[in-house]
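Sharing a structure here in structure tokens format.
First chain written, first letter: the chains are A, B and C, and each begins at residue 1.
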Amino acid sequence: MNNTNHNIESPKEKQNRHKAMEAIKLLNTLREDFKAPISSMGYFYDLFERVHCKHESLHDDKTKIGTMCIQIPSEIIYALDGIPIRLCNGFYTDDEIGSDFMPQKACPLIKATVGHFASGNFTDKPDIVFSPTTCDQKTKAGTTIESFGYKLIDVDFPRTKESEASREYWRRSVKQFAVELSKFQGKKLTKNNLKDAIKKIGYAQLLYHKLSEFRKNEIVPILGMDVFLVTNAFFFDKIDNWIEATEKLLSELEIRAREKITVTGKASPRIIYTGSPPIFPNYKIPQIIEESDGIIVADETCSSNRMFNDMVAVDEWNIYDMMDSISDKYLKACTCPIFTKNEDRIRRVIQLAREYKADGVIYQAFAGCTVYEMEQRSVLEAMEKEGIPILYLESDYSPSQGGQLSTRVEAFIESLKTRRRNKK
Amino acid sequence: MNLIRFRFWFQIIAFALIVYGGYVGLDLGDKLPTFACVFNSEGTGGKCYVGMLQHDLKNPFETFMGFAGYAFLVSLIMFMVWFWVLNKSWCGFVCPLGTMQDWLTKLREKLKIRFSEYSWASRGNIKSIKYILLILLLIIPVMISNSILGLPKLPNGLSMPFCDICPGRMLIPAFTGNFNQFYIDFSSKTDLAMTTLGMIIVGLFLVGSFIKKRFFCYFCPMAALQYIFSEPAFLKLYKNGTKCTRCGDCYRACDMDILEIADDVTNKNLVTEDCILCLKCIAACPEDGCLEANFMGKTIFESTKEGFILRMAMNKQRESHE
Amino acid sequence: MKYFAGIDIGSTAIKISIVDENKNLIGSKISASGSMFYKYAQETLDALISELGFNNNDIVYIVATGYGRKLYKEADENISEITANAIGARAAASEFGEIKTIINIGGQDSKAISLDSEGNVVNFAMNDRCAAGTGKFLDVVALKLEMDVNMLGEYHFRSKGTPLSVSSTCAVFAESEIIGLLGNDHSIEDIVCGVHYSIAKRIVKLVKRVGIKEGIYFDGGPALNDGLVNAIENEIGQRIFVPKHPQITTSFGAAIMGVDSYNYENS
């Protein structure tokens, strides 16, 4: 006979539980499975646990401005007293929900983001969403998200960045964005609030650069996954708390660097990670890399390096120049593959490989991501020319691919070790 | 080093030396690669080479083949040597016309008025104007003393053709209280035309450099003349393209809107024809060792992340505003 | 005498090779993986050891490879099957010449590996998502045609005329396609030949991803199928070297790796 007394979970409860499971699995791995854990990382582990397992909201008192991608200037949002929340999503649970609304072969990141919106289950629900017209799928997902009842505004982003027209176009877009947000918040941009915002974000970027310096050492004191976690926290954490926690992390890393405490083996190959962004908790491939005795010393992804790499420089501290400086930096320095030409991205990867003395590059594209898949060819050719070994992987959010990915990663790391041995 | 502050004071001192140096007996000669006006007869600390050049060329061929030609070469060589010491930073740090424009820019900034920019197409189109002016100021004096290709000689009123239209002639003496150069000369048709043109150009200079940073420098024949000799100069602006992320911060700082400083990642020498070597680009670059000012092989000022942070005041000073 | 074992735990079969200190192959054994990899691997190893007349202590170093390599915790080391395959191929083909390209068709995957002149892996490509072009496909075909997999080679060479095209991208759908071909009165020989060429074309596409370099080695269970070898040679346009025991190349490579690791540790 059927048991009619058992409780059937509501979709929301199920989603929360599954997401909490995904989150805690990764956090426990980070806490326990690697050598020499860092105590100041505790803040970040706890932060993700609080948000995803205990469903704590962080920004009850402020308007939450949802953003997609990295092109929406956070400086302007902070200046207008909003909290920027980057909504790019890494949960397989949300990916499954989103697959009802998106084509089968769509990028898992977009599916997960759409799924999250569809479920409406946010701890910090965005009051308005700004979506730049970057890749096709992000662009078109906008109307789907709107259909769920969210207020979404498109921000025109150009697909080229070399021409005068594209630069003017983006400057206008940013001005329009500021106007819209200003109207929404009922506040105005002033010289002082914009200046303060630029300086604050600049300071956060400086902290990231200081953090990266430690990874240039021969003895690396922090895991690549931990750094991804720190940068992912910036998506949604209170910026002052993030700054404070990162400062503490830096002090601890100073000590570790002095005492030569390492998180790797003796001859772990140093890897540059590039491609589709690893967003919490989809750290599948970084985890495989670091569990296979590799160490990620730098990355070229939009959930980490790209957000912090380039700082805004202002010549005349008046609103018109600050706005233009912000626009120019967000466009010109951007190495997203949605542009027609990707020279800047290739140069950045090569420069990172040199500066961080990398042994190899791992290029990961989500299955269904046209732009990263298409760029693979030119990046592979460029790396071959420079003599930098590179591995190309495709993945998605499903938990089942482990064996296939680990074989490839391990074979690559083994070949890097052989190469190193032969050089000596 | 706070470049902006350093440059501000350097420009004031240079301005004082050039405009008032004569009062204390300073005479740096008349081959200076910067505007220093002979019409500021009492105060000037030297004279600009453009004036000298027009004077030297106003000679019949015969004398030119002899003593005058020899003198011309000596002047030119002295000019080149003066020039090579600072390269185009004569424009960015010393030239009083440049300094005046920078002061007007500061005034505009204080008034929170937006500056104006050229479209890329316009910038391309106006590049040749300074060379045309240079050629004219070279040919006209020659054509006063000689008949070229059967054309009649030009009237004497056209001697010192550039000085007639140069805003320096009117503005530099003004700083010593001498406003006599602001006049229109009705004595002959040529004089009328040239001095009227001069007044118009002074007006354009003042208005133009108020709304566009270093407006005049795009048209300056001194810049054209200097650029021809720029390659062997001692002071250089070098770029290490591999470190450049093309973020455009240097372009934002550049008064002359030089795109190449941000977009060119192959060339090492980035002193382009418009460059005034003000070094603001180096101060605005956040990458270590990407841009540098190099004097005879030695790096004297380099872009660093630390320097950038200090200049943009992004090191944490204030408490949170939330 | 010291002996070294390489255990290749694949999804279909477990292969074990034992070499001596001079890296000579002493013996090998193959058994089905079944569902309890670990237990069967241990049993097979024990059986091989007793067949060769040793006891367990004679084996001083064990290297595991293949999908199940992490399950066999008794191993002293585990390496990816790509690295192991490369080492094994170089050693097995030493009289043939310098191997630079390896084609491996396993029970459920296929690989192409590219080596440099020292025998180091420089590039590799894998097809491990789809059974078309793997040993599984041949099993399905043989079953449908009601014959033993070992007979496929013989039937291939009896085919006359151009090979039929068997175009399904999925091994399961290929079953239906074969029924259709049989229904249209095509001979079994022609169908078998067509299947071989279909696999060969897929393999050549895979190899092109790493570059076809001279000195081609083919291993894995399906390499015993002469007909398949013939089809691949024709598609790739070059002779390929097939070892006497193609299933054990990877485990052979693992065992050789064991010798080096043991010597390095004890130096």
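One rule holds for everything that comes next: a contact is a pair of C-beta atoms (placed from the backbone, for glycine too) under 8 Å apart; a residue touches a chain by one contact, two chains touch by 3 or more.
Owing to the predicted nature of the structure, the values given are computational and were not obtained by experimental measurement.
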In the contact graph of chains, the distance from subunit A to subunit C in steps is 1
Report the chain whose mean Cα position is at the greatest distance from that of subunit C. B
Per the centroid of Cα atoms for each chain, what is the distance between subunit A and subunit C, given in Å? 40
Using CA atom averages as chain centres, what separation in Å is found between subunit B and subunit C? 75
Separation of mean Cα positions, subunit B and subunit A [Å, integer]: 46
Junction residues of subunit C, two or more chains touched: none
Touching at least 2 other chains, the residues of subunit A are none
Residue list for subunit B, restricted to those that touch at least two other chains: none
Could you list, by residue number, the parts of subunit A that touch subunit C in their complex? 389, 403-404, 407-408, 410-411, 414-415, 418-419, 422
Would you tell me which residues of subunit C are touching subunit A in their complex? 67, 79-83, 118, 120-122, 124, 126, 128-129
Contact footprint of subunit A on subunit B as seen in their complex: 109, 112, 114-115, 119-120, 242-253, 262-263, 265, 280, 284-286, 305, 308-309, 312-316, 318, 320-322
Provide the residue numbers of subunit A that touch subunit B in the complex, in ascending order. 162, 164, 191, 196, 198-200, 202-203, 205-206, 209, 238-240, 243, 309-316, 318-321, 324-325, 328-329, 332-333, 344, 347-348, 350-351, 354
